[in-house]
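This report refers to the structure that appears directly beneath it.
Each chain gets a letter, A, B and C, in the order it is written, and its residues are counted from 1.
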Amino acid sequence: MAKRIDLKDLNVFYGAFKAVEDVTMTVEPRSVTAFIGPSGCGKSTLLRTLNRMHEVIPGGRIEGSVHLDDDDIYAANVDPVAVRRTVGMVFQRPNPFPTMSIADNVAAGLRLNGLKNKKVLAEKVEASLRSANLWNEVKDRLSKPGAGLSGGQQQRLCIARAIAVEPQVLLMDEPCSALDPISTLAIEDLVTELKSTYTILIVTHNMQQAARVSDRTAFFNLAATGKAGRLIEMDDTQKMFSNPTQRTTEDYVSGRFG
Amino acid sequence: MSVTHMSSDSDLNAWPGSPASGFGHRSRGRTLRNALARAVMWTAFAVAMVPLAWILWSVVSKGGHMLLDSHWWANSQRGITNRIVGGGAVHAIQGTLIQGLVTALMAVPIGVMTAIYLVEYGRGRLAKVVSFTVDILTGIPSIVAALFVYAVWVTAFGFQRVAFAVCLALVLLMIPVVVRSTEEMLKLVPNELREAAYALGVPKWKTIMRIVLPTAFAGIITGVLLGLARIMGETAPLLILGPYTKNIATDLFGGLMPTLPTMINQDRTEVLQPAVDRVWGAAATLILLILALNIAGRLIARYGKLKN
Amino acid sequence: MPSITGVSAVDELPGPEGHGPLQGDRASTGQLGDRLFSGTARGAGLLVIALVSMIAVFLLSQALPALAKDKVSFLTSTQWDVDGTPLQFGIANMLWVTVLSSAIAMLIAVPFGVGVALFITQYAPAWLSRPAATLVDLLAAVPSIVYGLWGLQVFGPHMAGVQADLERLFGWFPLFKDAGVGAASTILTVAVVLSIMVLPIVTALSREVFAQTPSSHTDAALALGATRWEMIRTAVLPFGKQGVISASMLGLGRALGETVAVMIILSALADGTSWSWSMFNGGETFASKIANNAAEFDSPQKAGAFMAAGLVLFLLTFVVNVIARIVIERQKAFTE
């Protein structure tokens, strides 16, 4: 059920400001791709264009095209709501719905899509929590609020919530930046497991993390503050970290700037 | 070739609902409910605007012409009866302004100092109690404030019902508005400014007077103007403490002092056209005055905003 | 910017750095100037406390003698005879009219206020959002005597049709029974006007709370494929629920105490009119009763009876406001 992603000549704008310029790339299904680069280089913005979440900010728009397999997600007859169901997203800070229980959090997306059958819901909640490696920790307190969990558990809860609706693609926007090292490791293990099912894109500031979890790495940079971010180089992770083509990539991955 | 995809915000609502994409589509019910909710919110706003427009239109159409007559702004109602056209509202406008000014002179210092206490000094229980009482004061009905002043001024001290007693009741209503708006503005003053002053050896009270208050000045003025707008339209304290007269009066401690609300109240049951015109004329004048205060307050808030 | 309604959900936000301005008096130098100034500020705070306590004390002290001489039950009697001896006065009528008119007003104002607040924060195009909020605030700037005038002379007569329909359909139910009062002067008309008057209060606080919904919550809902309405239901409304409750309580407090508009619109009934549950009846609220008789506080006893009514009104609004504040505190705890 994972899909290939094709970006062609993509420019992203917020009003008159061009945030990302001229990105063309292909992401293969059932792989993990890491987006790395200094702050403000547009990697998170680019990620948000893949499920049209950038449109939530007034003035957000794109030029160019984004295809999921053969479907243009920006085609005129495409419903952004349907795109977001197909392309799941996990955010920087764990954001379970505070008024909902653990189970209700996982079921939230399913309920939105009209699933009402209690038995089916319970099954899907369990399956999603198992996939997120969280089931054993929460199975005795499914009706408790999600806010009571630790940060790492909350983030895995958010992952469970995202995969419950069976998306094709999973976008992760610095999912570990607010977590401690042990929770980070748990999430990284989970990403490695999930890639057998999903196409995963992960934005990270952590070079080791990119090296550990991803198959491919894309490096973004911007010429100067206020300029648009650009894709500098994209290649197999191993090559990117050992022998990149571009000089700036080498400088960045070796920690000389950024 | 590149295609521009315009955003959005509206796409969430106005999706055409064509099923011809590879992503499936949301169910008809969801689309319908979403559109319905959107329609309901727009309608709620539109309906809320109806009374505003209707009231303003009523007042302007029934009383607006009175404001175009120069006598309105030059004369009192002295010697004018309900059968005679003429006279003005100067006595009432003047009374309203005097009472507003006197009220502000009392309420602003108390309100600003209370806000300074809450923001700059207040810690612990006392500050909590003060903050709570300000909340209670916010919620006190104007008629209760008026009854209280009556109980003190007339019953306990045996004084007459005079303009100053009205002002005392209005002070109670104005203090919480001034406290809350000043508090909000003082909190917006960055701590760096205070620390910079302390580092220069400036005592705390001078820091507050010379640095903090001037920085928050525009916001405090806005709060005062909005507070004035609230109390100038108050009628209940006037009914109990400030009887009407047709003559110009400036004595706060003796005799009667007319105001715009009591001028309206005086003739509101009249059916003779000259009196009816004057009632709506006074209403139009009062609204004009209050709108002017509101707009002035908002303009100051917008253009005098803290720059940081 | 301070709101004209004088209410704010953020009135106890910490300073820009997350802690209050320099803690306590540690920055004071102990000089005479500092001591005088801080003393004055503290004095102003104490004055406010004193004023509010005095309101309760004075009303109580002047109401008690009259209450002691009251020959009927103050709470349950429908009589109001304060001219002769013995004194016979009770608040049952006023309590019912006050509560009924405010309750109907809230039934109208709360859904509308929430709808308008959602419109301003979630639906209005960017250029309209601020002006829309300002326009709704302007409803609070209209003086209550103008509401009264407009309600009785302009708006009230239009209620005749509504009243006739309701009486025809539900007349069998006491609440909707015809009471022989003109449509412009009924409790229902007052309630509708009150609902317009409290709408800006409900809207102002609700929109403030809705606007504070963390974007992480709304993002989470949208990323799951929620429509705008579903996002509001899963993220905005649960977050703003307590804000809406406290906004409603503050609005209720205002409706209970509104004086002049009620006094002008509502037709006061003659003494001895038989009890009616109907919303098409006239009557008097606490506030309008006091205002209607303002000219006649000639004896301490008489004044005392009205002070007693005022005291009940004070307690009623006090309780409502305290509940509102408690709920706001919870909201703050929830936000942090």
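Some observations on this one:
Methods note: a residue touches a chain if its C-beta (ideal position, glycine included) is under 8 Å from a C-beta of that chain, and two chains touch if they have at least 3 such contacts.
Please read these numbers as outputs of a predicted model, since none were measured by experiment.
Connectivity of the assembly in the absence of chain C: the other chains, held in place, remain one touching piece. Counting C-beta pairs in contact, the chain pair with the highest total is B-C. Annotation: 16 Å between the Cα-based centres of chain B and chain C. Our note on geometry: chain A versus chain B, Cα centroid distance of 49 Å, whole angstroms. Among all residues of chain B, those that touch two or more other chains are 9, 12, 26, 30. Among the residues of chain C, those in touch with two or more other chains are 225, 227, 230. In chain A, the positions touching at least two other chains are 56, 58, 81-83, 85-86, 112-113. For chain C in complex with chain A, the touching residues are 126, 214, 216-227, 230, 234-235, 238-239, 334.
Of all residues in chain B, those touching chain C in their complex are 9, 12-13, 26, 30-31, 33-34, 36-38, 40-45, 47-49, 51-52, 54-55, 58-59, 109-111, 113-114, 116-123, 126-127, 129-145, 147-148, 150-152, 154-156, 172, 175-177, 179-181, 183-191, 194-195, 198, 203-209, 219, 222-223, 226, 229-230, 232-236, 239-240, 243, 261, 264-265, 268, 279-280, 283, 286-287, 290-291, 294, 298, 301-302. Partner chain B is touched in their complex by these residues of chain C: 1-2, 4, 6-8, 10-17, 20-25, 27-29, 31, 33-34, 36-38, 40-49, 51-52, 54-55, 58-59, 61-62, 111-112, 115-116, 118-120, 122-125, 132, 134-136, 138-139, 141-150, 154-155, 196, 199, 203, 225, 227-230, 232, 250, 253-254, 256-260, 264, 287, 290-291, 294-295, 297, 300, 303, 306-307, 310, 313-314, 317-318, 320-322, 324-325.
Of all residues in chain A, those touching chain B in their complex are 9, 11, 55-56, 58-65, 68-71, 73-83, 85-86, 112-114. The touching residues of chain B, when paired with chain A in their complex, are 2-9, 11-12, 15-18, 20-27, 29-30.
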